[in-house]
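The following blocks contain the structures, represented as structure tokens.
One chain, chain A, appears in both complexes that follow, with chain B as partner in the first and chain C in the second.
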Partner chain A sequence: MNNQSQYKSRVLPWIFLMPTLLVLLVFLYYPAWQSIILGLFRSNLFLGTRQFIGLENFKNLFTGPLAPAYYQVFLQTLVFSVLVIFPGLLISLILAAMTSSLGSEGKVYRILLIWPYALSPAVAGTIFSFMFNPETGAVNTILRSFTPFSPRWLDHPILAFLLVVCGCIWKNLGYNIVFYLASLQNVPKANYEAAELDGAGMITRFFRITMPLVSPVTYFLIFTNLSYALFEAFALVDLLTRGGPVGAAPLDNAGLTTFLIYKVFQDGFGGSSNMGFAAAQSVVLMVLVALITVFQFKVGEKRVHYGGAAS
Partner chain B sequence: MKKKRMTHVVLSIAVFLIAFPLLFALIKATQSPGQVMSARLLPGTMFISNVRSIWENYSFYRYMLNSMKISLIIMFGKTFLSFFAAFALVFMSFRGKKVIFAFILVTLMMPTEMLIIGMFDLVSLQPPAGTAEFLAWFAHPLKVLFEPVRYGFGWTDKAVSVIVPFLASATGVFLFRQHFRNIPGSLMDASLIDGAGPWRFIFHVLFPLSRNTVGALFVVQFVYAWNQYLWPRVIIRNESAQVVQVGLKALIGNAEGVEWGQVMAGAVITMIPPLIILILLHDQFMKGIALSDSK
Partner chain C sequence: MKRLLSAILMSLLAVSLFAGGQSEEKQVSSQSMENETEVKEIQFWYAFSDDKRSGWIKGLAEEWNASQSEYKIIAEPKGSYRETLQASVLASRQGVAPHLVHIFEVGSQLALDSGIFEPIGNVGTFDTSDYIEPVLNYYTLDGTVNSIPFNSSSPILYTNRDMMKQAGLDPSNPPRTFEEILAACEQAKAAGVENAGLGFNVHGWFFEQWLAQQGAPIVNNGNGRDGRATETMLDSTESKKIFGFIKELNDKGFYKYTGKLEDWGGSDAIFQEGQVMFHITSTADLGNITSAINGRFEMGTGMLPIPGDSDRNGVVIGGASVWLTKGHPMDEMEAARDFILFLTNTDNMIDWHKMTGYYPVRNSSVDKLENDGWFAEAPTRTIAFTQLLETVPNQATAGGVMGTFGDTRTIVEEAIQKILNGADVDAAAEEAKKLADLKLIEYNKNF
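Let's look at the complex of A and B:
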């Protein structure tokens, strides 16, 4: 609906746009380009050495002695993302649907469900690292007083991996519930009443009415959650596991909770700093994100049910 | 109704489970070092003393102060800049609008975390000594483009390094753009007939109408800025300039003798400012989000 009249001015729109455009150009576009250039160099942050080596960094990601670790990290990131996104969204939708089914009675629950929006991955990681510390952690202290078990949460690869997953889901519940609650506000009550008259149970209504109606939001959330799992989970990993522990046989090339962004950080700023290698990884990430975004726009729009809502 | 009661029961349990880690941290933050290590889940009396020791021994107040300053500037700056950018995109006609819009759109898929390597030199290297030196470098566009950057802003350990790169926001521009497009064109026509220029339209019509969007953006941007971690961790090396999220790591730092009661106090305090903003602006936030959803 852009048929409205507009101010005509030669200078003013550019004055309004310039700060935004400048910041984006200097701090997003140029660094993205710089990552590609740096990927062609061998460079050490601490020694300050720099040498042009062409595509070798990129080659080393996929063949040679460094490749198995990268493949493993790639695979882990994939599994991690799926485990964070889908259970997280399902829990959020169920809770949001229950809350909004209560109408005005459900108001109390709203703020109690969305407060984790203000939670940071670092705080989540800090609290978890105390709760699940194998020796001094509260969970084990409590477990020991009731049961013979006291698992070494952060030293056991699978347990540590699952802990990071749980921490991430927990932290992101607030964000997801905010969006689901907002979109459920627009669902007409009549739909549910009609279905109830037809004898549809709670579960049928959830799958037949609620899920399809919020599918545009779910679609949107899958991608924002993916971006969250790929990038923001960093703080949680850094505080909780530092990328470790290393897994058993085929998974012994890298720590099991080392994900793509953590590896960029480790390789670039860790002890044996190799900025060029880390830059090459950033470029792979950029390509990945670009592909996902194209997919999101091209494929997605057709498949999602928009429920006849005005768009 | 029986069903309703069930819903209440399930929701209450869920709410409790979600809050549990935080309640736990809150309780542990009040206990003495001895109690913290026990299974005891009753509040103690040491909260003030725990807070005082991180405040004094770990310069936690500096972290909080730094984070507060950075987050508020980003929150206001981002909202302000994206308001005007969106205004130009919706209410003004100029050439190249589509290209500009695409230019902003693309940055939605460029999270800063992904760019830390490319940003590091640019932000941390020393700037050229003078204009002449800068121009000598800038005069060779091929070198500027195809070689690793030679000069930077020299912002290591300075708050600007965590502020300026985050002042522009595609999210903000979109939220405002969406909101502006829903404003009836007749409003602007009326203000045109009154002979009001763009400034009067902005201040008398648009601002008052944008309360929800501004509120929603305040929450989103404050929380985003407050929760930043990876970039400050990399670019800020000096403790006294560090932000609170990374400061938490310093609290746990030497894993040997961690005072977990103090660490939990730190975690709880870190959460308070964004929580206050969220609660204060809760209504606008929900309305603003609902609006963005009607895309």
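Let's look at the complex of A and C:
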């Protein structure tokens, strides 16, 4: 951090930072500050009311009759994130490794694998909702023609949950694969050749060479995927299930695919628009992300294998 | 330090997602500031984004603009009902409210409480006697007409006449009660009809209609019309009867829906594809469903089936009305009012009805349609009128009024979904009441 000496004046770096800081101030700090303040008020979007109620909104999140729903949503978000991140990354890495080993002939596959990333989440959600409509969707029409099954994709609690998980994984495959492909190109071929000579099979090579050598990228992707799962699953949820279906007890306090961010939207903009309550939730979400980020920087960097003196 | 900073940054990003949505909505209205020239512009925000209905409104706005030179109606779709109301409230706080806003029936109390609207009954004198009574009643509180009814509908039973014949049922005598629906489905199933069953999307609106049919209010204080509602009646006997019917239907395998809440289009598709013998949806979809079926089977209609042991009180009017916002010069408000009266005049309402299936909201339109022989020409449409005109005017059929109607709907829908997943009817009804009351109490604390 001794780069400061490159600037003669202490003011100059601040001038360079100004544009960024201004943008951050207007679009991040100020709205964030407003959200924190709003969380302390009883505030209704339609009525424009603002009554200071201290921490009551936060209290209502964690105790009282509204709390079970919030806890359920919290738990669901956790399970959902884990299911989106780890299987998603594993599938991405396997696909990336497979196409990567094809060399230049794998070009077509690579393009096909990356394209879901180019779709907007709204389009992806619409495609899924058409395909999986239990009565008229393509998937069930095909299934019905040669099996007796016609699964209720959108209202069976487990199926709906898994469908949203699969949709999210699929939608983000392209993004993950791009990173893995780039990373795999930096894995020295010699490692594989040496391992092959030692009699290591394909699977051993994947787990012993590929996985450790791409671990810095994996580490990075875990966190980008986490923020994807926390925030960007919104559109898919909105279009596929609108947060539903409500599960069976004890998971009957909220829709099974209602995740933290979707609940913020439901409480703030749905129904009678209780903005204060929604703002309190977004503050909780903010604290959560802050903790995760601290974890990412503090703990993570020590444990990831960066391959020593590579380049 | 750097780590801490980026931690803060990331977390702010999280929050701004929420706050960002807010500022976006505020921008919506900023464009209407310009053009204060000789022609006075009158903004009309409505909630139809489909070409058919949106085009119809725009066409009439042009016609009205051409009829005089002092005012110009600028009609713009603003997304869903909810989005339109939100945009209007936010625009109004910035002093750029549209003159006219199209608001759905359950948003009435919210609109009233937002304080941005002027009851249209206070703007000059005009005649409302031609508007159909149960329709106008919904939008009248304390004797003042708040808004002009525009698109009005109620739910009816749609039948697949071919399947009914196949089942040995009389297609011209569709089931009128819950019990008859169940019996008809049993009979059809026994006769080997493959898709014997009833479909409707999980929507609080149907539940509200079934309460009104039984003469039961949805909230206390005269259905919220004698005073601000403080409690919902979701655990009443009448309410449990509705939940019980849905449970029985589902347990016997006769209930069909797409799995999504409020999925109008999905449920229509199930019926149109012949996947179900009976269907319940709004009269407003008559036009669309008829053309979607396109002669693949013969469609019939019937009155909304109700519990067999109940009197038929009639339907609550659904749909939306047009409200006038405060704070404009009187001449503009009168011009805005006149445009809405023009939009809902006898001939325009006939045209509107023929195109969509919404009720024409004027008695004169109904008379004219009758004289022109429209009901003989389109027999499926008659039911809707009978159902509406036979409605007994009381507080139940006038419709409930509460600020948290949207929340209550969602809670009812989730209760239905719980029941479809096997929950106990009594427990689900009581749980729903508890949650809906909580929202209502929280909302009322704003005052």
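Simple rule for what comes next: the second predicted complex is superposed on the first by the 291 of 311 C-alpha atoms of A that agree within 3 Å, B and C clash if a C-alpha of one lies under 4 Å from a C-alpha of the other, contacts with A are read in each partner's own complex, and residues count from 1 in each chain.
Heads up, the rule we're going with is that a contact is a pair of C-beta atoms (placed from the backbone, for glycine too) under 8 Å apart; a residue touches a chain by one contact, two chains touch by 3 or more.
If you're wondering where the values come from, they're calculated on a predicted model, not measured in any experiment.
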{"item": "First (chain B), second (chain C), both or neither touched by A:Val164", "value": "neither"}
{"item": "Contacts of A:Met286 with chain B and chain C, given as first, second, both or neither", "value": "both"}
{"item": "Partner chain in contact with A:Val237 - chain B first, chain C second, else both or neither", "value": "neither"}
{"item": "Touched partner set for A:Ala249, first chain B, second chain C, both or neither", "value": "second"}
{"item": "Winner by number of chain A residues touched, once chain B and chain C are compared", "value": "B"}
{"item": "First (chain B), second (chain C), both or neither touched by A:Ser35", "value": "both"}
{"item": "Chain B versus chain C as contact partner of A:Val23, first or second or both or neither", "value": "first"}
{"item": "Partner chain in contact with A:Ile261 - chain B first, chain C second, else both or neither", "value": "both"}
{"item": "Partner chain in contact with A:Thr99 - chain B first, chain C second, else both or neither", "value": "first"}
{"item": "Which of chain B and chain C A:Leu221 touches, first, second, both or neither", "value": "neither"}
{"item": "Touching both chain C and chain B, counted on chain A across the two superposed complexes", "value": "24, 27-29, 31-32, 34-35, 45, 129, 136, 227, 230-231, 261, 264-265, 268-269, 278-279, 282, 285-286, 289-290, 293"}
{"item": "Residue ranges of chain C touching chain A (in the complex, touch as defined)", "value": "3-4, 6-23, 82, 85-86, 89, 93, 110-111, 113-115, 256-262, 266, 269-270, 273, 275, 403-407, 410, 414, 417-418, 420-423, 434-435, 438-439, 442-443, 445-446"}
{"item": "For the chain A and chain C complex, residues of the former touching the latter", "value": "24, 27-29, 31-32, 34-36, 42, 44-49, 51, 65-66, 129, 133-136, 152-157, 160, 227, 230-231, 240-242, 244-249, 252, 255, 261, 264-266, 268-274, 278-279, 282-283, 285-290, 293-294, 297-298"}
{"item": "Chain A-facing residues of chain B, complex", "value": "3-4, 7-8, 10-11, 14-15, 18-19, 21-22, 24-25, 28, 37-39, 81-82, 84-85, 87-94, 100, 103-104, 107-122, 145-149, 164-165, 167-170, 173, 181, 185, 188-189, 192, 197-198, 219, 223, 226-227, 229-230, 233-234, 245-246, 248-249, 251-252, 258, 260, 263-264, 266-267, 270-271, 274-275, 277-279, 282, 285-286, 289-290, 293-295"}
{"item": "Contacting residues of chain A [partner chain B, same complex]", "value": "1-10, 12-14, 16-17, 19-24, 26-35, 37-38, 41, 43, 45, 50, 95, 98-99, 101-102, 105-106, 109-124, 126-131, 136, 138, 141-142, 145, 170, 173, 178-179, 181-183, 185-186, 202, 216-217, 227, 230-232, 234-235, 238-239, 261, 264-265, 268-269, 275, 278-279, 282, 285-286, 289-290, 292-293, 309-311"}
